[in-house]
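Structures incoming, each one as structure tokens.
Across the two complexes that follow, chain A remains constant while its partner is chain B and subsequently chain C.
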Partner chain A sequence: MIGGVPPPDPGGGYVSDQNSNNIPSPMDMDSTRPSRKRQIEHSHLAPRSLREVMSRFQVEELHLTLTEGQWRHKQWGYPVLDAAPGAELYAWFSPEVTNIDNQWKKLTSTLAGLFCASLNFIENQNTINPQMSLWPSGATEHLSNSSSYLRYASLPREIVCTENLTPWKKLLPCESSHGFSSLLNSRLIHNTNYHSVGVHVRKICANTACTETFIEIKQTVALVYDFKILNSINWSFKLLFGQGLLGGCPLASSSKIYIDITSNSTTHFKLTPPPNKIVESHRGGSEVTLAIYEIKPDTAMLNIAAKQGTNNRVILNIPPPLYFNRYVLGYGKEFGGIVTEIVNNYWAPIDIVLSENAPWWLPIQLSTLRINGKAKSKLVMGQYYSPGRSRQKPYHLELLLRLPPKSTTTVTIDFEFVFLKWQEYPPDANHGFYIGSALITANLPTAKNFTGLPIEGVTFDSIFNASKPWYPAVFRTNGAMVSLPTPDFSMPYNVICLACTVVALAFGPLHNICTKELVLKATGAPLGLRQKLINLFKKKQD
Partner chain B sequence: MAVILKYIIAGLVRFWLIHTDYWQTISNRVEIATPLNSWKRLIEGVYLYDNSINPYEGDSFHESPILLIFFHFILKQAPYIMPMFFTIVDLLTAYFLYKTSKEFVGLLEKNQEKNKDDIANESKSMLLQGSQLSEVPEYVLSVFLFNPYTILNCVGMTTTVIQNLFLSVSLWSAVTGYQLISCGCIAFATHQALYPITLIVPISILLADANKGCNKCSYIRTLLVFVLCWGFLIYISAYIMDGSYDYVYNTYGFILNVPDLKPNIGLFWYFFTEMFEHFRLLFVCAFQINALVLYVVPLTLRFRNEPMLLATVLITLSAIFRSYPCIGDVGFYLALLPMWKPLFSYLMFAYLKREFTLKHGTARLVDGKPAKLVLR
Partner chain C sequence: MWASASFVGVLIVIGLPLWWKTTEVFRVALPYDRINAFDTEAHYVTTRLTILACDEKTAADVADEIQKAFDSSDVIRLKIDKHILHPELQNVLNTVADEEEATEKVSEIINLDEPNTFYVVQRKPLNHHVWVGPERLAFFRDSGATSKLIDCLTKWIYQPSVLLGARSELADEARQVRFPSGSGYHIVLSVVHPKPHKLQVDFDAAEAVEDYVGTFVDKLSELHNFTLKSQWLYLLDFEFQARKVMDSSEVGYHYAVRQERLHSLLTKLEERAATHVSEQPTMNLALYVVPCEISPLYIYDQNDKKVESPVQAFMSPKWGGVVLCSPECGAGVYRPRSQLVMGTFVSQLRKLLGITEKVTIDGVHLVPLHSVSPRDWEVDTLLRIRTLEQVSSAERSLKSLAKLLGEISNIVINEDVGASITTAVTNIHDSSELMMAGELRGAHEKSRVAFLAAETAFMEPSLLALLYFPDDQKYAIYIPLFLPIMFPVILSLKNLVLWLKGASPKEKLD
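Coming up: the complex of A and B.
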């Protein structure tokens, strides 16, 4: 169990909490004896519900995040694990699954029940199958064509609330009674600028030959506090969570709190109580100093606090090597465009995969794709496009780009507004429609601002001195919003009547022409009123 | 001379408008470009095809595969001739309509001469005079060339321009009796937009009239040739798409199902945006029957002697009631209307009234008593 508090930056404080469980499972990789797979894994610490979901739907790896707010990469740097606004779910299935779409639907419905989230709205029409952006991080049998077993969906409209936090806490061995999760007081954490809870399940090798696998369940929470709301530049557990920490979970083998104190050398602040240990980590050209608190189950009430020095007012914000921005172009309700701006702030080129995911009601046109305003660009090294289909499939575009050093790249693509059927509009249609975030997968050449775990890492201490040639990271851009044209919802009967009248107006005369003939009818002398009345009755009698 | 001047002016207007800055606006207007015929979607389809992505996999392209590879070829080889191409196709359409109306006027004159004996004495003055008849083709030509609807349609570079050409050629060849050309063209128009299928009825009558001989044999032959041509086009399209018939779902399926509810000048989008989902299928069927088959049989029975009038009425009805109509369709049928200019003074039920009057004279008398015309 790990908690990390990087130093306060101009935007606010960031708290990340991770909880990992490794559960040995006798699941055998030997497929010649499938009967052994029936021996279900024990669930001493791991939640049985998740365990059953994994085995029942034959999921190899699963990532679910529920996020409120927008991570600002430019100001805040990179999170340990990025998450798209709203709900995001992606999973790799076992190669034995024949009908993955079917299994995916079942999985989303089950998770919807488990987390009280609207994941059941994930259907084929908002599911994509990323080809290059996502790679499994666990031990899987099918590395070469993993994308065909992958399904990805995000629900940007999903609102994350207490009802999602409670089931998330229940997955922990100590639930919310002991340990770090007792700090998560929903009254306070939903008051933050950004909060994200996540569950990540993967398989890891139990031995070096990888003949057996463990299931690793990682639960994460990320919170970004706003100093404006806290009304103080000093922070403490009492201020952030409303209470101190009363010991770790007795079931945990280790509980640690990491506080990034790298900036202490420039902007002085004082931590109370003093940390148990201070560790310096050199990783890919960045130096990070971390203060570590080891929490024992019997530790007395702990209220970690940071008190700022007196003259710390000017804080220079150095943006990370790669950041991005996304917005919608155009006016009116006929045509528009999505722009993704990616800035490479580093002195070397960075390769990224940009995965644009437009819902079916936002038909993008590949022929309008422009990179830095040009239709043909040397920056594009690879491309994958899956055209969408109305009410069935989203539009999905993946671009492998090589961003030149110290450059800004804009990727623009046009779309057309679509008119939906009146029943397809969500409640409050004039509020607008959310477009999910784009995925940006980058191989960062530097670990500056990068706090992600290395792929083989299980706990947070694996980042210490973990220098690699490059650091794979998956980022989510901000989402966007468009306002689709809305019909007059109150008028279905009027419309139906009007349209049918037009048809009837055409039908009537044509019917007359085709079924009747012209004859002469004597009109005779003009009739008196009496005769007219008599005629009227006569007709009725006929 | 005047005719050539008309062509030149009309051609220049189109060509110039395509090269103005308004072109983009015009070709994006919903009245001109529907999901079926829009230039933008054609470009997108060609682009996808060029990048070896099946354009029919998604929802962005709904034209026929034959046009897809045709435009793919032109846009690869010589994209700059596109404005010229559309202008010339539109002018050709005008030319064939002109020829059609000329032939038609000739036929009208011949029929009038033949049936002179059946005409009531006092109605003789109502017979069409030479000058009345000779101005008809001029009107047809002018209406097509200078109607803002057809001009905008051509400037928007919609595929309706090509469809109009095929319709006009098939009408012309039907009047002159070229069976194969007529059937081939109408098959192509059907392949492209489905609704011209109704025109096979007036065309088979026209062909039977033009080629004297066994009427029934002619009908059957025409129908057979049409079906063969259409089947061949469908097969060729599938061959282009590597033997896959998936494109049918995206062309005919798209026309019949009406999944795209973007506004246009038709009724479908308006109606089905607010339709209760439960009744959608019923009303889609009802509206498509209304547009496709409902009027063919009764109108054929009524106007079997006037196939050209039948063709005009069917073209008009399908332009109004098709699922994705555009002003190009409207412009086409408006150009056919001047053929019936002598009837304009009768307005409602013009043709019937005129026929009646020719037969019985202008006097409205029954047994010497005043009477009025009524439908019974």
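Coming up: the complex of A and C.
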């Protein structure tokens, strides 16, 4: 899915009239079409490399996102699929796998090679298996106890760039030569506030009894443009991608572009060329109007553009029903704390699962957990805590919270700073250490601002009028950064040099005293020139 | 002086050996003497040849001639048995209509399924001097056909030159083409369709692979593990730089692509074929559907001559094969003729796996292949080649490793590597014994274990753990530590020696 509509400027107080559009309008990309093939060894549209990975490591479901920048839920609303900053990978393995940790290590190394990302740095020490926050979305054999087959890891330090985009494009049957992916010009899409590419693989039922399964491979892109960088509040494909769209992928059964034009009723903008279709969707108390462009392989060059009616208008930003913020407390190099503020903006309570994970070098203590400043809180309905182990296992805390209506809940947990061994520091250690995002799994009672696909949905049109009692969503909070006590790295060598000098200085006289004998010399013997000089100095001192 | 002596004692007598011991590179004990005793050039394979002739003289003549011809070869030893055909069978053989039927009759009496054997049977009413069938059996007319028989044994069946190439350090022609030994192979058929919007291609790649390639590799399953895969690659554009040539065909023209140009196509295919994702070597088979603009496309060789063959195909040694398929455009749907295409792929696979092309010999009739499966005796040949190759390769790997260990002092050999080296050494020995005894299957199994163990030992990344620790950093630490301490201690040695010399006569006086 490609974000075709720029969000409001997050920097200043100015908010554009497209605030409800700030979710990237997803297009039904050719790649989101499931590639279905019965046999493991043969693939048609599905990339063989991914198939190979799935079958070799017996992966049931796999989600990989590579993201640069932070999604700002308060200003931008909710994305179709949220992603943690940096690299994020989670996978469910088949129940037949006996040594999941081993398999996970192999999987991450293979994916690291496939996507040119540092996923090989995922080890047991930064992997957790969430108990409550993540659930498989595909047809899996293990409905209960799925969390023991799940592994989750994120690398917040990972920098996502062109070298990750190229292998991502290669997975598409049309690569970057045709279709929507030809728009992804790395020079322009990396010049955005937020960009995220993702690969999501799951199994879906091939028949109603679900005796056979297909594999669905979904490739996603989300981009958020900054009006300041664009230097205009009007946008067009030419402006966003540097070029127009020259037809869809000839292998796609359908290619569509959806643009959210709900705000057009209040602030007028004009879309050129006019869309093929305008659809209104009522879903869980929210009304969304979408303009749909259908792209055929032989469509002529298409440059969708939006022109605003007026230039200077201030629109109030209405935050989504649930948003959150995370920051680090403390001063000095001994103790600190992580604060997660969760705001329920809705008139009814919302149940969420907050999954905090802290690396082993940031030990968080359950005893220091405070909710709204109190150690015991009625808001906590369930909790899971897995203490970390030095160099082996991260700290992992999950809280099932019921957020009261119209409230702000503050979850605070303290940590200690740890001294690392000198080889454990990353390059440029003074830059600081990243803490991964927390996962917030919510059952939203309203679909306001929510654009996620229903669980059975394959393409974006499945959101039309898809009202449900609740809307499950997984969000990632922003990451944070701490600065650990960092030594001067030339220190070991300095210490060696200093120690050697001291030893050498001490050893010389020691050796002398021990081995040399004092011999009496007869008086009156003629003085040598040297002795005369020494006597001269001695006299002066007296 | 005692103080001086104790300094020397602590620093030189205790300190130096301690320092030496603690900074030593970890290495488990290795069977160096056995590794150095490897004599790769001495390995040979024993194989059994049975001659069945109508009379004793023919049998003896043929056996002698063959024995003489193979005496010079040190890579293969023939164990020749000669028998006289049972008169009844002789009768049957002389009366049956054709050789296929004769083969059937022979197989009723003799077990032709035993590996590493070959039967040469006399059959008088033969149209050729020698007739070689798909099973481990050849017919010859009379003792006059012995030279032809020897020709066909050397060139087709035993191939001592190829065996020699497998054993020697330098690769011969066949070894340059075939894939190096491995634990298994992936065979991937990629259907490349550059213009899916212009032409529809109807081809069941999965079925074709399983039918043709599957049947072919079934018989080779004792040699390697095979995994069959297929994929489609769309929109892979390649600039053939084809030129239009007018001709007398139905359409009146064709397009010509130079042979040199095709190597760039492999690069293009390699980018997309995702061969790197599997840990095992991949044999690539690519069916390239030529775009309509340059169809029909023909390959022109170096001399700018059209390659006359029903299928335009080429092969890249140790990589795979490509078939260029020119569709008849305008029909809308194109169905490649899978028999022709897959037949070409199978013949390419034969070469890639090490089955050499059979040169024609005058007067010798080789029954052409009726199915995709390789001939029985071709599998035997392959077994011999692979066994010899794996044993020699394992020996060479271990020898180079032993040499490297001698040359580079900071290579670590941990227990795992040590264990694989020992496994390799024992299996090499076992395999070599079995090879000489003619137990080909067992020898191959052992040789494979040896080969894989030697490769793992040689390629183990833990060997390099300390390789890149720079020497200058060592000196940077040692010099400030040792120089100021050792200097006075070593100087005091002189005094110490003098004192010892001076002290001993004194004691004598007392």
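Observations, loosely collected:
Note that the second predicted complex is superposed on the first by the 450 of 542 C-alpha atoms of A that agree within 3 Å, B and C clash if a C-alpha of one lies under 4 Å from a C-alpha of the other, contacts with A are read in each partner's own complex, and residues count from 1 in each chain.
One rule holds for everything that comes next: a residue touches a chain if its C-beta (ideal position, glycine included) is under 8 Å from a C-beta of that chain, and two chains touch if they have at least 3 such contacts.
This structure is a prediction, so every number in the text was calculated from the model and none was measured.
Once the two complexes are overlaid on the shared chain, A:R187 sits clear of chain B and of chain C alike. Looking at the superposed arrangement, the partner reaching more residues of chain A, out of chain B and chain C, is B. Touch criterion not met for A:K376: it reaches neither chain B nor chain C. In the superposition on chain A, contact of A:F507 is made with both chain B and chain C. When the shared chain is aligned, no partner comes close enough to touch A:R530: not chain B, not chain C. By the touch criterion stated above, A:V519 is placed in contact with chain B alone, chain C being left untouched. In the superposed pair of complexes, A:I496 makes contact with chain B and with chain C alike.
In the superposition on chain A, the residues of chain A touched by chain B in one structure and by chain C in the other are 496, 503, 507, 511-512, 514-515. Looking at the complex, you find that chain B touches chain A at residues 28, 30, 40, 43-44, 46-48, 51, 53, 55, 57-60, 259-263, 267, 269-277, 287, 290, 294-295, 298-299, 301-302, 317, 320-321, 348-349, 352-353, 356, 360, 364-367, 369-376.
Taken in their complex, chain A has these residues touching chain C: 39, 41-45, 47-49, 52-53, 56, 110, 113-114, 170, 173-175, 177-178, 250-251, 297-298, 493, 496-497, 500-501, 503-505, 507-508, 511-512, 514-515. The touching residues of chain C, when paired with chain A in their complex, are 1, 3-4, 7, 188, 196-197, 205-206, 209, 227-232, 234-235, 237, 272-274, 276-278, 476-477, 480-481, 483-485, 488-489, 492, 495. Residue ranges of chain A in contact with chain B, taken from their complex: 334-335, 360, 363, 365-367, 383, 385-391, 393, 395, 416, 418-423, 487, 491-492, 495-496, 498-499, 502-503, 506-507, 509-524.
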